Amino acid sequence: MRVRTNTAIGGVLMALVLGAAATAAFWTPFDPLRVNLRARLQPPSSLYWLGTDEFGRDVLSRVMAGAATSVVVALLTVTLAIGFGVMVGVVTGYLRGWTDRIIMAINDALLAFPGILLALAIMIVVGANKFGLVLALGLAYIPSVARVVRGTVLSIREKEYIEASRVIGNSELYSMLRHVLPNAVAPVAVLATSMFGWVLLAESALSFLGLGVPPPAPTWGNMLAASRPYMESAVWLGMAPGLCIALTLLGINLLGDSLRDRLDPRMAHG
Amino acid sequence: MHARRPSDLVVVGLALACLFVMPVRAAAETVLRTRLNADIRSTDPGTNRDANTDGVVAHLVEGLVAFREDTSVGPMLAESWSVSNEGKTYTFRLRQGVKFHNGATMTAEDVVWSLKRWLDPATQWRCLSEFGPSGIARIEKIEAADPQTVAVTLDQPTALFLPTLARPDCGQTAVIHRDSVGPDGKWIAPIGTGPFKLGEWKRGQHIDVIRFDGYASRSEPRSGYAGAKTAEVDRVRFNVIPDSSAAKAGLLSGSLDVISALGVPDLDDLKSRPEVQISVTPALGLTGILFQTRDPLLKDVRIRRAIALCLDTAEIADVVMQGTARANNSALPIGSPFYGEVQTHGYTQNIAEAKKLLVEAGYRGQPIKMIANKRYGFVFDSAVLVQAMAQGLGVNIEIEVLDWATQLDRYNRGDYQAMAFVYSARLDASLSFEMLMGPKATQPRKIWDNPEAQEMLRQSMMTDDTAKRQALFDEMHRRFIKDVPMIVLFNGAELAALRKNVKGYAGWLYPQPRFWGVSVQ
Amino acid sequence: MLGYLARRLAMTVPTLLLVAIGVFTLVRLIPGDPVQVMLGDAADPAQIAQMRAQLGLDQPIPLQFVHWLARLLTGDFGHSITDNLAVLPLILERFQVSAVIVLVAVGLAACVAVPAGLIAAWRQNSALDLAVVGSATLLLSIPSFWLGLLLLLLFGLKLKWLPVIGYVPFSENFWQAMVFMLLPIATLTMIEIGVLTRMARAASIEVLRLEYVTHARAKGVPEWLVLGRHVLPNAFAPTWTLIGLVLGHLLGGIAVIETVFTLPGLGRLLVDSIFARDYPVVQGCLLFTAVIYVVVNLIVDLCYPLFDPRVTVA
Amino acid sequence: MTMPLLTVENLRIDAARTGATVVDGVSFAIERGEFLAVVGESGSGKTAAARAILGLLPTGLVRTGGQILLDGEDLAAASPKRMRALRGPAVGMVFQEPMVSLNPAISIGAQMAEGLALHERISRREIRRRCLDMLTRVQIRDPESTFDAYPHEFSGGMRQRIMLASVMLLKPKLLIADEPTTALDTLTQREVLDLMVALARDHGTSVMLITHNLGLVARYAQRAVVLRQGRLVETGSASQILSAPREAYTRQLVDALPRRGAPSARNATGEPLVSVRALNVEFGGRQRLFRRGKGISAVNGVDLDIGAGETVAVVGGSGSGKTTLGRAMLRLIPATGGEIRFRGKEVTTKPDREFRLASQLVFQDPYSSLDPRMRVGEIVAEPLRHVPELTSAERDRRVEAMLEEVGLTGFGQRWPHELSGGQRQRIAIARAIVRHPSFVVADEPVSALDMTIQAQVLRLFERLQAQYGFACLFISHDLAAVEQVADRVVVMQGGRIVEQGTRNDIFDRPQHEYTKALLAAAPVLDFSGPENLRASG
């Protein structure tokens, strides 16, 4: 019962976000970058549903365009981190021995830093733009993915069907790719959903600390960061992106929960 | 964990309890609480410093001369001075009865000792290079003729000697007591002659300055860093609050009395508050768009001019500074005594002409990368507006946001196409041009590389003759506008928000708050 | 126990060396230069060069690294470029602030989250469970600084219950310090409640499925004792691991929260010194953070047998 | 006759979510001091019925009808508080999994004392004394130190004794034992159950033993209740149920008990297919900082020959090294000494492709031996990757044929989790056989399955062996199964072979004490009758 209600809520929230992002690709009520100095800091009205910002740009349009940027950034980051993390995790879990020890030592060293600050430093190096952000956050998250994947790989390695594969005469590499990898997907999928949320949070935190996707291109994070001075005088500026982030995270977390429930072997056995 | 849980509960309980027991302030003492956005670097004037440091130290120490409100130089510890030896010897007559914070009376010996300390390379005085080979002049001799007289001899005449001595970033070439340093020459704490003496400095938290009761004030009214200085509060506390929203909140909740260097976005909000008054003062800083004139695309002056012509600088200044600053296309700040009718002629928006120039230059939508940073909100906002206006013309500007240090690095290396930048205040007209001008081949950070103009600049530095300098500056302005090495947008404003009970505060051209003559009721 | 400790500590040496190399390299990769930042727009090249030489920044980078490492081994983290303070005392001072917030907040969060998660798991799929999971997920979903700002707005400005800015060290005046710390602690507590409740609930569900819980009930043990004595300690073990991870990361600085509430914490110090390119401070902070992470994890592992006697550290 | 201790009338239990009926109108009774066996396979509802007595149905199951009368009191109507008072002193319960039924975080003593402290007003010293007495009673060697120890320090058998002790401490009127020994090896099973019976006799406790093992019913129970899919099939005295079952299903259960097969005609001659000499396997001790801990010797100097087509059974209790031997012979675990020859060729250290392709393994747990992300058809086809020059059409045909052989025609597109345990084990066998190996190691292939399924799978295995003629190393702790399939039997204890011989020799003329003990403990159907509780109590 709970599972279904929550999945539904999560699904609706995510559908809204993706819908807004997709719509923004070809239509927004106003040009999200269009400066209109005669309509600055307008409260929500029938014309500007969510009001306007300090440059007179339509907040609704920016929230929609921001959804697109945020979703793209989050997806790319998750892809990058998961891709590399899975690679590192599988390779170390597969090779064991010294390669494993060395790579895991590096991995642990990276894990020892607070991710957001690592991302901040990387971002200064590679530049504050969408791809810099993706690279920075991706790199910052790879170690945790690698850890999770390696742990999963190590536990799957001990499963009897892996032994069965060896008995059949399959090479270790084949066993890894054919048996270990597909079975490691489930925890990674759950991790990916949480990470999607972390990226949204991290992006806004980085914007807040002064580096993120640079405006004027809107993201929820930089909109939220830019709204700070107007926190009291123009509440809607911060509310719109803040609520968007919170609701999207809520949606993705709920979906992640139901995904986890579905992938739980106990549930699968009935 | 088992051990910790109960203690946590105690902590919370007590914390809740103390919500109702707010800290009690000492009643007798008057304290003025203000904000710094970052901690000061040291208390050693003009050495290990930044703007915040200068601002605090200016309350503690004084030099022979100081800038007045109109950026002219007036006497401070000197009673008067005379220039002789073809403009090479300056003889300062000192004021009598000036006391150091430790009670000692200032003499010519102290002045000589202080000047010599600044000129010692080991001190790492920021302005030492001004008196080196590439500077304005060398100092050949410093001597105390009698306890009230000090003579300084230069190797060549310069109009900039006194302004340099007065520069706040040079620590106003402060006269300090020799006990400010230890026997090993290591800095201890400033024993100066200022209206306040140093109180408690808690790193990262606050710096207190305490009224110096033995202060001997000048008689003429307060003017810039010169004139009368009377401490009307017992203590000024500079709280280190990096976050501007928190500072604003602090002011509104009454835990701060003054926020200087107020951000423009906070202005709107604070203006409407009954408990708050706003002080707006034109400032000397300079915000504008720099062009790299060696860039393959932007070396074409027609493109630069086209961009300049498509801007409505008045509107940019108005929006970005929310009506607190006027547009200015001149390299000279509006507050400068040399800012005249000529300087008001800058760029006038002319879209048709701009379009024509672009066609002539063969511009076909090539992207122009403009560096900006978010450390200075008004610079960033200007960049956004310039981009938006240029877009209307069909010029494709892409904003690249860097952090301030990276942008400075790119600035110093000249590695950019365009950048939105802000210069700090220069208190002399020659210096306003000097910061922009120079040969790019040897000094890549320079913006405007025009040998004829550079010669005019050199002449302006050599002479004291106001009319002659005005003529030089006027001509330089015309060429500056014609060459478009950068588009100056505005000079900005010094904004401060004060609670209504703060009396006597006034900003001035130089963006540093002064808390002498300020009282809290 | 001592052998285990020695082994664990020996294992961290390569990690920390890698951290040191990584930190140093990363810091030098960042464009910009501390001297430029200090001197600002009015710096001339001669001044910059002179200052770089004074700071030893003109030496070859490998040499700088060796010098730094050699001094580190003697416990000398160097001096800040911007204000010439010794780095280690500076870090320690700032760390106190972060540590107090983090420890109190995570402790409080655990005190709320573990029982909440337990009760939600106990009544799995009930309305109560839905409410607990829903609020936890919601708390987890709010950006921390936004939450901080909302709290600041509400308690500091609208209600005027709490001071908005300032900081008093605990060593100076405990009560005043607490007043200033309350909002940041509340913010972090709320976020962490979200994280920990979900973990505690999941762990409790696992435990509740186990036979020994039924066994306890079959002995006639009342429900509150079943939960308190049989489920809680076992469900706490995995939660404890997560708490360790959380602590390890948060103690490295809660830059965002420190920024919102203008507290002189470690995170803020690191962010500021990154922007100022204050190499010794950045290096020191990052290394210190890594050490803290390693030490916290070690402590967590050492404490683990308290919750799970199956695990031994020998 | 007086009123029975417990009467269950028309008990009905439904799954709350799906509405499926788990227990459907079941009625039975237990007399005072009686030993009742509740027999059923997975899904029979036997556990649910037992838990309903305690009011401890797992989440998702609800009692929807019927009465449970304990001493005339309807437990179904009792308040939670009253139920708590009854649990322990009136009804005690022992669970199946000794590994998870004791709380790992609490010391043995505290767990034992918990029940006493709740139900009786006695001093702590008295509690301690009674706990220690009880530990002594269940033959724990060092009660004092056990009292302060934690469950993980004990083996499964020990834990089950401790469990028994903590339940019997409260002298319940009724003891419900839910498959209490299924997870234990035969010897331990015997010891624990004997103890349980003795303790019950001491306290006059009635026992309700839930089991799928008819051997246990024969040995211990006076009466038996047979359940199937939530319904009562048959109830009667144990000997009647076993010797003269009235219902077809009961008969099927009885028939499923393994019986000695015909003497095989495939006795080994000539060169052995696989031969092992002085095989040693040692597991590395824990790596310490300065020294390596002493290794544990799991297999110690084993000599063994297996002829082509021959089935050699390896029997022994937990920790006897039989599984390690099987793995080592397949070179899945490196041998630390000795040699392995395959068709006369030494294969101990260097990988040998021929040996690898000719040998196969069938696992104990059909749930973890099949890759959950592969379809059944793919699983069975996988070994054929290594058969050269096989077209995909031929491969599909062979897979199809193999599935037909194991009776799962048309299952190729299914996922493992869609299959029952028996079906999975058939797939595992199909995978092992599809490449026509000459040597198969079967590691407890049926011990995780229900009785009737065990019989089917064993028959299938025998048939396939007859058809394909592979040699087999059959590892089992279940002597009954061994008796059915083995040509020769090897008995292992502590990593060594203590006795080996033909099946008939071992079963009929055991020499070694350990072999005799194993045989004695084996729950076979002997109708010497149960140890009569009532008579002696």
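Should a chain be cited, it is by its letter among A, B, C and D, assigned in written order, with residues numbered from 1 in that chain.
Simple rule for what comes next: contacts are C-beta pairs under 8 Å (C-beta built on N, C-alpha and C of every residue); 3 or more make two chains touch, one makes a residue touch a chain.
This structure is a prediction, so every number in the text was calculated from the model and none was measured.
Once CA atoms are averaged chain by chain and compared with the all-protein CA average, the nearest chain turns out to be C. Inter-chain contacts peak for the pair B-C, counting C-beta pairs in contact.
Computed centre separation for the pair chain A/chain D is 47 angstrom, with centres defined by C-alpha atoms.
Annotation: 21 Å between the Cα-based centres of chain A and chain C. Averaged Cα coordinates give chain A a centre that lies 43 Å from the centre of chain B. For chain C, residues that reach two or more other chains under the stated contact definition are 30-32, 149, 153, 157, 259, 275.
Among all residues of chain D, none touch two or more other chains. Contact with two or more other chains is made by residues 245, 375, 403, 406 of chain B. Remark: chain B residues 1, 4-5, 8-9, 11-12, 14-15, 18-19, 21-23, 38-42, 48, 50-51, 124, 126, 129, 132, 134, 169, 203-205, 239-243, 245-247, 249-250, 252-253, 255-256, 375, 403-406, 408-412, 421-424, 426, 435, 443, 445 touch chain C in the complex.
Contact residues of chain D toward chain C in the complex are 51, 54, 56, 58-59, 83-89, 91-93, 95-97, 100-107, 114-115, 118-119, 150, 152, 163, 166-167, 170, 288-289.
Put simply, chain C touches chain A in their complex at residues 14-16, 18-19, 22, 26-27, 29-32, 125, 129-130, 133-134, 137-138, 140-146, 149, 153, 157, 209, 248-250, 252-253, 255-256, 259, 267, 270-271, 274-275, 282, 286, 289-290, 293-294.
Listing the residues of chain A that touch chain D in their complex gives 159-161, 163-170, 179, 182-183, 185, 265, 268-269. Those residues of chain A that touch chain B in the shared complex are 33-35, 37, 40-41, 54-55, 124, 127-129, 210-211, 214-216, 228-233.
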